[in-house]
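In what follows, subunit A forms one complex with subunit B and a second complex with subunit C.
Showing the complex of A and B:
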């Protein structure tokens, strides 16, 4: 479980500090697929960086399986438990070949070379990049680079995977394939996934959606619940999934539809 | 993309020969000793012996000879110039030829190294060879990490520079002035955005490295370990003995 206890975070020096997170209380349970949705500047990325100890709260505490990120002695263990994938595919690949890059995390953990090899091969297989093992990163497409980044995190065998806007620089096809693999990692491998995004249609895929606005969690629940009141959503700067918007328009013009529609497939099956 | 592609693989020519499979540390040490020998040799007999040895190495590595000589071509003017200058002095032809020969052998030796080892192998070799010097404060791991990151980002940055050039050209920037000063100044609008991006990238990369539990070289292991096989030792010892012999002969008062 990743637990936030009254977490606040301020950027900058005393005089001109900006508060990015205000009194966040949150628990991400094992096995969950959580989406954190929010407009630009809502504190999403700051929240994500607290989950694996890249940022330490100004007030309050973040606990990963009971270990506080404040204790520098356990930070190393927390980095291993909570894998991260970032937005820019280019700026998170360190080594000059795909397999060397995936090996980077396990190498930092000081594992035996044989064990590292096994983990790299396994991670390559999970993301379907075996045939690219010896490729140079700059020859890959954006979507392939993100898959390498996911594999790099998986090779540390993490319990949690925090994905920070990882699809925002990808084309639509690569981005939906990325989301599918996240879903699969959650279902088949039992990895807890936290997907940070500003796209409502992406958040729909999660079991639980949190909405972050001006550093506060303003909504928390299953997607059907969170996307129910469109006016409220507008006030906190996030839209609704496209299918939900269309459904709302149709309801307004007198067509009888449930307000739980969130995907195009649901909309189609209810209409036809 | 093509600029970047050729840059990162370096000149590596994969022929799968014995030399290619040898430990990169051995190759690196031999080439360093080789360079040293070239400076110690004082007569043509010594040079001839060294050239024969280099030729034998190139033969063993199954490289096309022309490829190893490619690096010499850009040096042509420097070579001609040195020879010309020396011709004016006493015993000038001899010294001039010596300087030229040294340069040529050094360049061919260096390309022999880069043609038979990948940049990654060479980085690993440098880290491993420098690691005993950690005790006297030489940061061998950090140096190797810097080399790796540089190799990783050179192609990315060259693609980015091309993009910026196109973007600035589209805005009317000109890079074709005849005046070298104006031309140099016209690169400011490329360098400024490029540098800003480099710093942003560096920040993000550092964060990604930390997220993957990077904490310097201590307690870190490697997936690919360099291992000296018996053949590596034999080759190494033989090459060093041969080079020592050549230096000995090369310093005799003969032609």
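Showing the complex of A and C:
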């Protein structure tokens, strides 16, 4: 479990202090697929960076499986447990071949070369990039690079994977295959996934959606519940999944439809 | 005709081992006042194509014609460039001046306009992206939110009053507020007569705004038609790595269920009205 206990975080010095997180209380349970939505500047990335101790709370504490990110002695262990993937794949790839890049983390753990080989192969297979093991990362497409970045995180065998806007620079196919990979990691490999996004249609895939606004969690629940009141969402700068939006318009025009519709398939079967 | 590309081909690093053909025999023309969506999978040549439109790249084959005159032959490149604005991806990374007003003034100043004209253009540009001049003009662009910075960067290009505005993924990374503001600013400019080329991955945004869609694949123009024609090529689009707007998906799935529908457009408003009409006829529900 990743637990936030009354966490606040301030950027900058006394005079120009801005508060990015305000009294966050949150528990991400093992096996969950959580999406975090919120407008620009709502604190999404700051929250994500607290999950593996890249940022340490100004007040309160973050516990990963009971270990506080404040304890510098356990930070190394926490980094292993909580993998992170960021927005821009070009900033995350360091080696001259795909397999070397993925091996970087396990090598730093001082593992046996045989064990490293196994982990690299397994990670490549999970993201479907086996045939690219010897390729040069800079020759890959954005979506492929992003999958290599995920594989790099997976080779550390993390329990948790935090993904910060990892699809925003990808084309539609690359971003849907990235989301499928995340879903598979969660369902088949039991990895807890936290997907930070600003795309409501992406949040539909999660079991649980959190909405962040001005550094606070303003909504937390299954997507059907979170996307119930669209006006309320608009006030905190969050849109709705397209199918939900269409359904809402139809409801407003007198068509009898449930407000739990989140996908086009659901909309079609309720319409017909 | 505002801009024409005639038989344009472009090869990166020709004659070297790294030679890469990015564009192949592109023929297309853009008229005054058009609103065009340019889509294509990663690596299809979108960025290379738009850099030809404003002369950042010169074709290795074929020619670019601006208002009937061949660029580089009949007219100088810079005289065409004055009327063609290009907003790069993440343009906010190019903000540099100490105030919003100074940053936006950079373009019109470089056009050699008189001081009072520069000032009025700056004011107009700030207002046209929906920001209040009094509140923003003297602020540092670096203290603004991501969405506000993007708007300021776009205002900087609008201040040069382009007749053709090209935007590369202007919405990526923006939240609901930012997207709405940016799209409002672009639509307003288009209503005032400027042609717009919008490069975007978000098909839902494309279908809401444009009157024409150009699909690029492997350096060629694969489709070039009205959105309601292009987006019915669903199998083709998915095969090359693109997707269709959610409104199109809805129509296709309703059709699969045997409903007789042929919408005039895939614009959200029209789709909703079509479904409503269907429901009233008792076809659905």
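Basically, the second predicted complex is superposed on the first by the 272 of 272 C-alpha atoms of A that agree within 3 Å, B and C clash if a C-alpha of one lies under 4 Å from a C-alpha of the other, contacts with A are read in each partner's own complex, and residues count from 1 in each chain.
FYI, a contact is a pair of C-beta atoms (placed from the backbone, for glycine too) under 8 Å apart; a residue touches a chain by one contact, two chains touch by 3 or more.
Small disclaimer: the values here were computed from a predicted structure and weren't measured.
K.L.:
Touch check for A:1: first (subunit B), second (subunit C), both, or neither?
P.N.:
A:1: touches no partner chain.
K.L.:
Have a look at where A:141 lands relative to subunit B and subunit C in the superposition and call it first, second, both or neither.
P.N.:
Only subunit C; A:141 stays clear of subunit B.
K.L.:
After the superposition on A, what does A:169 contact: first (subunit B), second (subunit C), both or neither?
P.N.:
In the superposed model, A:169 contacts subunit C only, not subunit B.
K.L.:
Touch check for A:265: first (subunit B), second (subunit C), both, or neither?
P.N.:
second
K.L.:
What is the contact status of A:109 with respect to subunit B (first) and subunit C (second): first, second, both, or neither?
P.N.:
Only subunit B is touched by A:109; subunit C is not.
K.L.:
Over in the complex, which subunit A residues touch subunit B? Could you list them?
P.N.:
That would be residues 49, 52, 54, 76, 79-80, 83-84, 86, 88, 90-97, 99-100, 103-113, 116-117, 120, 136-139, 152-153, 156 of subunit A.
K.L.:
Which residues of subunit B touch subunit A once you look at their complex with the stated criterion?
P.N.:
On the subunit B side, the touching residues are 1, 4-5, 8-9, 119-120, 148-149, 151-152, 155-156, 159, 200-201, 204-205, 207-215, 219-225.
K.L.:
In the complex of these two chains, what residues of subunit A are touching subunit C?
P.N.:
38-41, 87, 141-143, 165, 168-176, 198, 201, 234, 237-239, 242-243, 245-246, 249-250, 253, 255-256, 264-265, 267-268, 271-272
K.L.:
What does subunit C use to touch subunit A in their complex?
P.N.:
Touching subunit A: residues 41-43, 145-147, 172-178, 201, 203-204, 238, 241-243, 245-247, 249-250, 253-254, 257, 259, 268, 271-272, 275-276, 279, 284-285 of subunit C.
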